[in-house]
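Residue numbering begins at 1 within each chain, and the chains themselves are lettered A, B, C, D, E and F in the order written.
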Amino acid sequence: MLPDLGKYAGYVLSAYAVSLTLIILLVLFSVMRARRVRRELEDIEARQGRSTKEASDG
Amino acid sequence: MDLQAIDLGVARGGVPVLEGVTFSLGLGRALVLRGPNGAGKTTLLRTMAGLQPPLSGRIEGAEDRIAYAAHADGLKSMLSVTENLSFWADVFAQRDIEPAIKAFDLTGLRTRLAGTLSAGQKRRLGLARLMVTGRPIWVLDEPTVSLDAASVALFADAVRAHLQQGGAALMATHIDLGLNEAEVLDVGKFRAVPRVSAQDEAFL
Amino acid sequence: MIALLKRDLMLAIRAGGGFGLGLAFFLIVTVLVPFGVGPETALLAKIAPGILWIGALLACLLSLDRILALDWEDGSLDLLATAPLPMEGIVTIKALAHWITTGLPLVFAAPALGVLLSMPVDAYLWVVVSLALGTPALSVIGTFGAALTVGIKRGGLLMSLLVLPLYVPTLIFGAEVARRGAEGLAVQTPLLMLAGISAGVVALLPFASAAVLRINLR
Amino acid sequence: MSIWEYANPVKFIRTTDRLLPWFSWAALSCLATGLIWGFFFTPDDFRQGSTVKIIYLHVPAALMAINAWLMMLVASLIWIVRRHHVSALAARAAAPVGAVMTVIALATGAIWGQPMWGTWWAWDPRLTSFLILFLFYLGYIALWSAIEDDDTAADLTSILCLVGSVFALLSRYAVLFWNQGLHQEATFSADKEQNIADVFWYPAVISMVGFALLFIALVFLRTQTEIRARRARALMARERTL
Amino acid sequence: MIALLKRDLMLAIRAGGGFGLGLAFFLIVTVLVPFGVGPETALLAKIAPGILWIGALLACLLSLDRILALDWEDGSLDLLATAPLPMEGIVTIKALAHWITTGLPLVFAAPALGVLLSMPVDAYLWVVVSLALGTPALSVIGTFGAALTVGIKRGGLLMSLLVLPLYVPTLIFGAEVARRGAEGLAVQTPLLMLAGISAGVVALLPFASAAVLRINLR
Amino acid sequence: MDLQAIDLGVARGGVPVLEGVTFSLGLGRALVLRGPNGAGKTTLLRTMAGLQPPLSGRIEGAEDRIAYAAHADGLKSMLSVTENLSFWADVFAQRDIEPAIKAFDLTGLRTRLAGTLSAGQKRRLGLARLMVTGRPIWVLDEPTVSLDAASVALFADAVRAHLQQGGAALMATHIDLGLNEAEVLDVGKFRAVPRVSAQDEAFL
């Protein structure tokens, strides 16, 4: 399935592995923090009985 | 010219603390700010001294006329009492530090390093600094902290003399200064309506 | 302004004021290098100008947190800010005092330390010249870093982190002058660049430092 | 209607909420297309062998690392001049993304360097400049996180960003002077388009677009997060004062 | 004791607490060296182990003034001294917290930085081993220096001066292990010496630090 | 056991400050030290707390029973109010910080970082620390600096409660604490005869 990478296979694969890992980690952290903060904010808003939408309309 | 606060709002850490503060302090007069801990006296005084911008309203007659004394004294512990005073005198282009030394009873401590003074002695030195600024308006944050009764009296005398020479004084304090002629302003009544910090408002 | 300079210099030479400490640090770093990289004379001679520059830079760096943080802690900075001195003047004087107490002694000490590293004879002149031209820039850039981190307790390490990348151009041209001088090559271009950086930084950066300091005092 | 409308946090959240899915999917598909095409369906270079496939990661990451800093510079300027909170927060949100892009460029470059130049690292001007750029990112992020008050942090970091940009340029010249390098010339510039064979060119361009879209999507998302965090803190503060 | 360790670690990771800054400083010093001594790979490879050791040492050094000075300034140290903790325990915990937040990360980062200096392959293992063995000694010795200078405002530079000579044996043996490892020579003797120094210092120096600290609190 | 100072001499910076200080403080009682600025109150309290050795005489009943509060509060500005208190509770092997929080009216400030408190609020937190030490003898140096009248009353109540539980308190202050049951000791009368510093005597 993999194309023939010749003698450089290790280098090419590790380059892809490192980059994709870093990107995935970055995305994962961003999304997780986004979720967490969003949930926290919604909790607080629910407690205070206001929402982003109302606030912006008001 | 009077020192005036006109509909002044002040904030600390971005949170509005006082609002609508209005007063006017004429020369020869003293104004004492009162209010419970955390009311915002320090914040108001810092704003008056120009260290932080007001949130709203404006201040008049402050430009280059204010000598400020904060919770911290700004003493260099490795300089002697005279050296500390002379430095501030130089900065404010004044000459004579003798009256200040006399007024706050520092004569015996002249050559002592500021770092070896007791809490009250340090404070006396910090207050003596005011007399070498040559500025007409003193803005003082709890000036008598750590002072004994005799020193508080010295301080009251110094303020009185300053007022007689056409100066003015704005002070925050929790204790009685023995300055009966001073007007009192309770900052409690200017408490800002509880709301979020000014910078956070955009986010609501 | 003169009063401020006088006070800062006086404080520096008082007990515990740190005058001479920069120098001593410079000495020690230079002495440590042979322990780290081994005692071969040829190798040491080759890296000597660079090590001297790095040592000088680190000595400057380590003394930066005395520029403003002390005054901040004891409240003098608040009081200075309400005094009739422009903030730009204050930071300039502070940088000047730092240079006089730290940078200048390093310039004079460098030749002596060069001997310890068996530096080639031709290099001495250029090491001294490049340090004399470069250390003012180090002090001024350092003051900017000190102003940025003044509100942060014991922010020394953070300050180093912010300041070191800013030191890169000065270091490169300074060390290049010294290195080329040592090898007898033409030093004109890096020397001009070094002088240019110093002049530009001294002329412009105090404005940024003053702005930053005002923000931090708020 | 002016563009500054979007500087309103709530408006920004609403707009980006709508845009975010599009950008995310576009980024994902471009990245997938570019990288899969590049990895599986391009021939090896006659000189570099299969290592040429690293280009589809290396070049886009390198470009985005620089562009992220430029974006932060612009956002900082906007904050200084017009004090729009969103721009300050966007700069803050972009910094870690830029830093990761820098790391990717450095890492892929290092991995590429071993077979091509026989060394993981050389003090080539372009490599060195990138390392310095990384240091600037580190300092910027460290300063943001060291300061408690949000607006103070925004003010200080934006000034640091301005001053830092000037010094980064200076460093670039200094480094060029200091060492002449091994690194490739820019072959992807518009006027030299024919320098590189089309087979390599197309997937590389798609991948570059993918990285750019990914960057935009991440900055949108992270800016939203920063705004929400600020809003949460604001509401909490109000709750306390009530 | 656990409470103190927990607090120190918590403070380190809080905003402005300086976790990771030692690491960043290490990185930067390593990056500056080539700017100073020039970009020749062969030269850099030769001095790499030594530079890594010196860089780690400086990174430790710069973070020392957070160990005790902060607690002194805000008065916590006085209060801790009157708490039911032995002074020896306090200084040991402080050293441990410093090692966890500064020394340990350096050990992990060293290989990555070795790449930048084109360090020879054989050296990696020994650089890591020697740092792992040596950094605890650096933290403990550093705590002693911090205790000595705790009463002095911004005594960072003075502390460096006092501590650097004490670091010399650790540096010599540590760098020797790394250098011999790089050249494929036997490392046993310096390694044993390094381990011995670390063990001895960790076991004994806290008593001296505690004594010094008691004197300084008087 | 009582806390006793027996013919105690104390020095600061090597200079003898007080001599022949003798007092005894029983459980359930409070003793207020008075004296002008620079009299040596701080020095005496530090000696009682075991932070510096006495010059002469001795102290009894102090071992591991003293909770000391100095001019500085020992707060970590990057920790919240509860975190600061819990830390000290852990150190002194105590559990419950709630009573302390209640007693000094810190409930509303719980999650605030100590660095953002006002001067008086910081002081309240510093005093609340005493209640989580579980130690019977409180040694306090100007405890009410910066406190407003209401907070001084809170403090007096806390001291009174502590005394009732069999504790004791030794305090230096310049102002009236509203603790009428406290005895007063004027340290002025123990002033050391002016002579050279103790450590210099060997050279005479």
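Please note the rule applied: a residue touches a chain if its C-beta (ideal position, glycine included) is under 8 Å from a C-beta of that chain, and two chains touch if they have at least 3 such contacts.
Predicted, not measured: the structure shown is a model, and the values here were computed from it.
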item: Required steps from subunit D to subunit E (each step between touching chains, minimum); value: 1
item: Labels of chains that are neighbours to subunit A and to subunit B; value: D
item: Relative to subunit F, chain with the most remote C-alpha centre; value: D
item: Interface residue identity across copies subunit B, subunit F - same or different by half; value: same
item: Remotest chain, subunit E as reference, centres from CA atoms; value: B
item: Inter-chain pair with the most contacting C-beta pairs; value: C-E
item: Inter-chain centre distance, subunit D versus subunit F - centres from mean C-alpha coordinates, in Å; value: 56
item: Centroid spacing, where centroids are CA-atom means, of subunit C and subunit F in whole angstrom; value: 44
item: Where subunit E touches two or more other chains at once, by residue number; value: 15-16, 21, 24, 28, 35, 38, 73, 153
item: Residues of subunit A engaged with two or more neighbouring chains; value: 55
item: Touching two or more other chains - residues of subunit D; value: 10, 132, 135, 138-139, 142, 146-148, 178, 231, 235, 238
item: Residue numbers on subunit D that touch subunit B, as the complex places them; value: 8-10, 85, 149-151, 227, 230-231, 233-235, 237-238, 241-242
item: Subunit D-touching residues of subunit E, taken from the complex the two chains share; value: 15-16, 20-21, 24, 27-28, 31, 34-35, 38-39, 41, 44, 115-116, 118
item: Subunit C contact footprint on subunit E (complex, rising order); value: 16, 18, 21-22, 24-25, 28-29, 32-33, 35-38, 43, 46-47, 49-51, 53-54, 57-58, 62-63, 65-66, 69-70, 73, 152-158, 160-161, 164-165, 167-168, 171-172, 175, 179
item: For the subunit E and subunit F complex, residues of the former touching the latter; value: 2-4, 6-7, 10-11, 14-17, 71, 73-85, 217-218
item: Footprint of subunit F on subunit B - complex, ascending; value: 13, 35-38, 42, 71, 116-121, 123-124, 142, 145-151, 174-175
